[in-house]
C-alpha cells in the first residue's frame, strides 16, 4: 500500500499549495485526512431529498453543521454560496462547485454544464473548486472541452481543482455500469491524466463484471480494487464516499467517524461525509464528524 | 411558516440591494410585498391574446396601466422597452426580460434564447432583469450555459436577477407535468442553487402525481406544497402567479387585490398580476392593483 | 386606423434617427412613405429569376434603376454592395442585407446565416441594415442568437434595422402556413418585441385557417387583418410587399405606382417594389416607381 | 458577350488590387488571362492520385513546375506552403487554400473546414487566398458563417479571395446534380453575392435537367450556359477548369495550351490547369503551360 | 528510397528548429533517428493496461524509464506532466499531448478533444506538442477546426507539432479499415497538408483491400507501401510504431532495439517504442532502448 504523498510532491503551484494546505492542515483534523460536506442534492436530485426532514432544505443549517462538525470544506453551488457562505465565511473552507445539472432529463448523453467560474470562486473566498466529469459519456467532447477551461483558469489563479469523476452514459451502462471496478478505475485515471488535483470517486465494485474488459473480468477483493484505483490516481489525492459502503442507514453513529479499514487511508486525504445525508434527515448531527 | 428575509440577509452586493430596495420599498405598496406586470405574451403566445381586446396590443397602454395601477415593475422585452419605456421612464421600475421565444415550434426541447444583455438593461435604466429557465428540458446544457453569462453579468453590474423557473420539456411531461408539486419545487430550488435573486413559479399542484418520485407520491395540501416551495427557494425571494389559482375569469374584481390566504405571503415578496391579462381584455383596469 | 408615428416617437438613438430621416425624407417622395428595391433573388432563388430577361442579372442595371426610379433605398448583399454601390454611392440609400441563404437545401429548419456585419455597412456608407428572421422555425434559438448580435451592433452604431419577418419552417406549415393572418401577425409582433426598427411582412391571408389558433379561426376581412398586423407592430414601422397582392403579372403598369387602398398607408412607411421583379423581366422599367 | 472588366471596376481596395495586378499582369502571360495550378488532391482525394506517377507526390516537383510553366499562381494548403513555398518564394504567386477536407466521410452534408487564416497567408507572402464553398449543402449555415470570417479578414488585409464554388450535398444531387447548368449558375452567383473576388466553377452541363427548376428545363447550348454563368458572376472574375471539358486524357498535348473556343475568355481571367493532373501522371510536363 | 531531409529543409521557424534539434541531436542517439515513449494508455485505454503489471501504472516509473533508456522524448497528457515531469525536467524532452479521449463511448464519429494548450506546453518546458487527428472521421469538421487552433498556436510559439494521424470512424471501416495501406497513406498525407512537423502512423497493410479505391486494390509489398507513405508525408518527418510489427509479445528482447529492415529509416526519424508497453508489463526495462 503506497504512502500518501506530501503536498510538496504533487506539482502544485504556490496558490494551489497554499489553499490545499489550509484545507488539509488548518481545518478538520489538521493531519492531512479530510472530510468534506457536499450539499448539491437540491440541484442534482431536486428537493425530494428534503421532504422527510424539511430542516435539511435550509442551506444555513448545513453550513453551520459543516462549521460545528469540523469539516474540512463544504461543497455548494454558486447560488447558495452567494446567499449563505457570508454568514460563516472563513470558518470552514468553501469548495465552489462549478457545474451541475438536474436529474430530470435523460442521462444517456450526460453532461454537467458549467455555471460559474474560478474567478467567482476567488471572489467568494473559496479554497477549491469542484467539477463533475462524466467519464465515458457520449458527450465527452463537450465535457473535456469545458473541463479544460476550468482547469486552465484554476491553474492560472492557483485554485485547487477537485474532480467528481463519475462514470456515466449509455456506453458505461453497457460495460459494467457506473459502479464497476473497471469504470471507477478508469474514472480515477482520467481525472488524473486530465489534471485534477483531487479526485472523488465512488467505491469500486469488482463483482460488477458484465461487459467489462477482460482484464477486469476475474476475481478481485474490494481491497485490491481500491488499491488499484488509488494507484491509477497516482499523485492525484483521492476522496471516496463512505456512505455507499456503510450498511445500515438507520445507524445512529455517523459512519465516517469510524475508520474504514478496507480503504488505504494512508493514501487518501479524506472521506466525503455521505453519511451526513442521513444525519440531515435524522437530525443526528452530533454523530457527524470526520474520522478521528 | 418562515418569515420573509430582509434584504440585508440575502447576500446581495450593493447595486443589487439598491435596486431591489427601490423596487420593493419605493414603488407599489412600499412594504416589501410587490406586484409585477409582465407583458411578453405578444412574443410568447403571439398577438392571439390581443384579438379580443385590440387595445391590449398597445404597449403604451400597458406601461401606463403599470404606472397608474401602482405596480412595482413592468417586465417587457428589449424591443418594447426601447420603444415605450421612455414615455414613463422612472415612474415604474423596468424589468428587462432578456430571453424569450415564440410558441410556434415544438416545446419538447424547450429553450428560451437570450436576445438582450444586462448592459442594455443598465442603459435603459432597468432595475432588474428577467430570465426564463426551463427546468428539466433536454436542452438544459445550453440553458444553464446562457444563464451563466446572464448571472455573471448581472452580478458584475449589480442588477437583480429574476428567474421565471418553468418546468418544461418531454422529460417533465413524463414525470408529473409542468404544474406538479414535484416539478415546481424542483424549479424553485434550481433557480436558487444557480443564483437567482428572485424566482417566479406557478402554483404547485400536489395532486398531479403520475410519474413523480416517491417522495411526492402522497397526499399534500396546497398549503404544504407552497410552504415546501418557499423553503426550497430559501433566501431567493418568491413570486407566485395568482392568476392560475383564481377561478372565474369573468370576475370583475381583479384577483390579485384579494389576499391569497393559502400562500405564505410573509415569505413571498409579490404576486404577479396574472389577473391583469383578464383586465386587458375586459378593460377593467381599475380593479388591477397589487394586494393591499 | 392609427396614424403613422413620427420618428421622434420611436425611441431611436441619434444615429438611427438621422439615417432614417435621410431615407424617408431626403429620398423618394420625401414624405415618410417609402419604396425599397430589394435585389437578393440571385442568392435566395438563384439566377433562375434572370433567365427570361438576362439584363436583370446585372446589378449595375438594378442600382441605376433604383436611382432613376426615385426609390428610398436598395437592399443588396455584401458582395454586390462592394462591387456595385460605389458607382452610385450616396445617390440612393444602401440597405445592406446582413444574412441570406440559397433555396437549395430543405426549408424545414430554416435559418438565414449572417455573412456581414453592421460595421461593414458603416464602412460602405449604408443607411440601414436588413435581417431575415424566420419566425416559427425550429432553428429559432440560433436565429434569435444571431439576430441579437446584429441588433446590438446596430444599436451601438446608430444603424436602423429592417427585419424581413417571414414565417417559415415545418411548425409554421402545420399551423396555417407562412401567409396566414396568424403567422404574419405573429411575425410582425416578434420583430417588434425583439427590437426591429422597421419590419417587412407579406400580406396576411385571413382565409388560411387550417391549424391556426382559435382566435384566428373566424372571418376577418383583409382590412381587419392588415390593421391588426400594423397594431401588432406598434412603433415598428411596417413595410408590406405590394407585389403579392397585385393580380396580373403581365400588367404593363407597375403596381406599386397605384395606391393600395386596402393598406393603412397612414401607418406604413412604404411598399417594397415587388412589382419590379416583373419589370426586370419585361424591361418595363419606366413604370417602376414608388407610389405618388 | 460582355467584355472583361478592368481591375479598376471591381470595387477592390488597394491591397486587393495590388495583389491581383501582380498575379494577372506580372506573371504568366501578363495580359489578364491567367492559369493557376491547384495542388490539393493529396488532401481532397488522398494520395491515390499519385500512385501511377509517384513523382507527382512531391510538392517540390509541382511548385517547380508552376514556376517553369509560367503559371500565374499555385494553390496549395498551409502544410505544403510552409514546407515548400520558401524554395521558390516570389517566383510564382502563392494562393493559400484556407479550407479543405478528405473525401473519406460522406458528402451528404458537405462542409470544408477552415484550417488556416488570411493572416497566415500574409505571413507566407501569398497573393490570394482560396476558399471552397459547397453551394447547396445542408451545412450551408456553417459554411456561410466560416466564409464570412474569411471574407472579412481578407477585406481587412487587402487579400484577394478566390472561391471554389462547388455545388454539393444531397439537395444538389436531387436537383440536377453538381454539374448541371442550374447548379453551376447558382454557385457562381452565390459566390458573387457573398463577396468573392474571383470564382472558380466547373463547366456547366445544360443537358443535366433532371430535377432542375423550370427555367433551366429546356435546351441551352454550352455557349449559352457559360455566357449565363459569367453574367451571374458579374464583376466577380471567373475561372473555369478546362480539364473537365477536354476529351482525351491520354492526349500528349496539354489541353490548356489550346484556346477553348466555347468559353468567353474575354470575360474570364483564366483557366485552371486541370490538364496538369494528367501531366503529373504522364510526366509530360513540357506541354503544361497557360494558354498563349 | 529518398534520403531523410535535414532540419534546414523543412520550412521550420527558429523556435521549431531549435526544439527539434534538441530532441533529435541532443538526446537519444543524437543522430537524427529518435525513439519516443508515449504514455497515454491510462486515458486512451484506461488502466486495464496496467492490471498485469501494476508498476506500469506509476508515471514516475515511466518517466524514469524514458530518462534511463535514452529516449528522445516522452509523450504524456497535461495531468501527468504537471505532476511528474518536474522530477526529471530537462533530462528527457517532454512532448505534451494536447488531446485525448477515453475508449468508452463509440468510435463511429471519433474525435479527440483538446484539453491543453501550446502555451501550457511552453510553461512546462516541453519541446514538442502532440495532437491525435482522426483522419476520415465523420467529425472531421470539428477535428480540423480544433487542429487549426493548435497548429496556429504552435507556429506562433515555435513549438514542433507531432501529429498522431490515425484513420478512424465508420467511413474508414467501410473503406479498408484503419490499418489499410490506403488509410495510412491518406493519413500521412493529410497530416502533411494540414501542417504537421512530424507525423506518427501505424504500419500500412497493403493486403487490406476490401473497399479501398482502385489505385490501392492491387499487389504491393510492405516495402512499397511504407515507401509510398514516406513519400506522401514529404517533408513531414515520419514516426512509425514498431510494436505492431513485432511478432512475439513474450520476447524478452525489446523489439525496437533491433533494426526494422523493412522501413526506410533513412527517411524516418524514429520509432515509437511500442514494445515498451510489453516491457512495462514484464518489467524487462533493460531491453528498452532506441535502435542503435
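Going by the order they are written in, the chains are A, B, C, D and E; count residues from 1 in each one.
The criterion applied here is as follows: a residue touches a chain if its C-beta (ideal position, glycine included) is under 8 Å from a C-beta of that chain, and two chains touch if they have at least 3 such contacts.
Quick caveat: nothing in here was measured; it's all calculated off a predicted structure.
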item	value
Each chain counted as touching subunit C and subunit E at once	D
Chain centre separation (subunit A, subunit B; CA means) in Å	35
Of all residues in subunit C, the ones touching two or more other chains	none
Traversal of the chain ring from subunit A via subunit B	A, B, C, D, E
Subunit D to subunit C touching residues, read off their complex	10-11, 135-138, 140-141, 144-145, 147-148, 151-152, 155, 167, 169, 171-172, 175, 182, 185-186, 188-196, 213, 215-216, 228, 231-232, 234-236
Subunit D residues touching subunit E - in the complex, by the definition given at the top	40, 42-43, 46-52, 54, 57-60, 77-80, 82-86, 100-102, 104-106, 111, 113-117, 120, 142
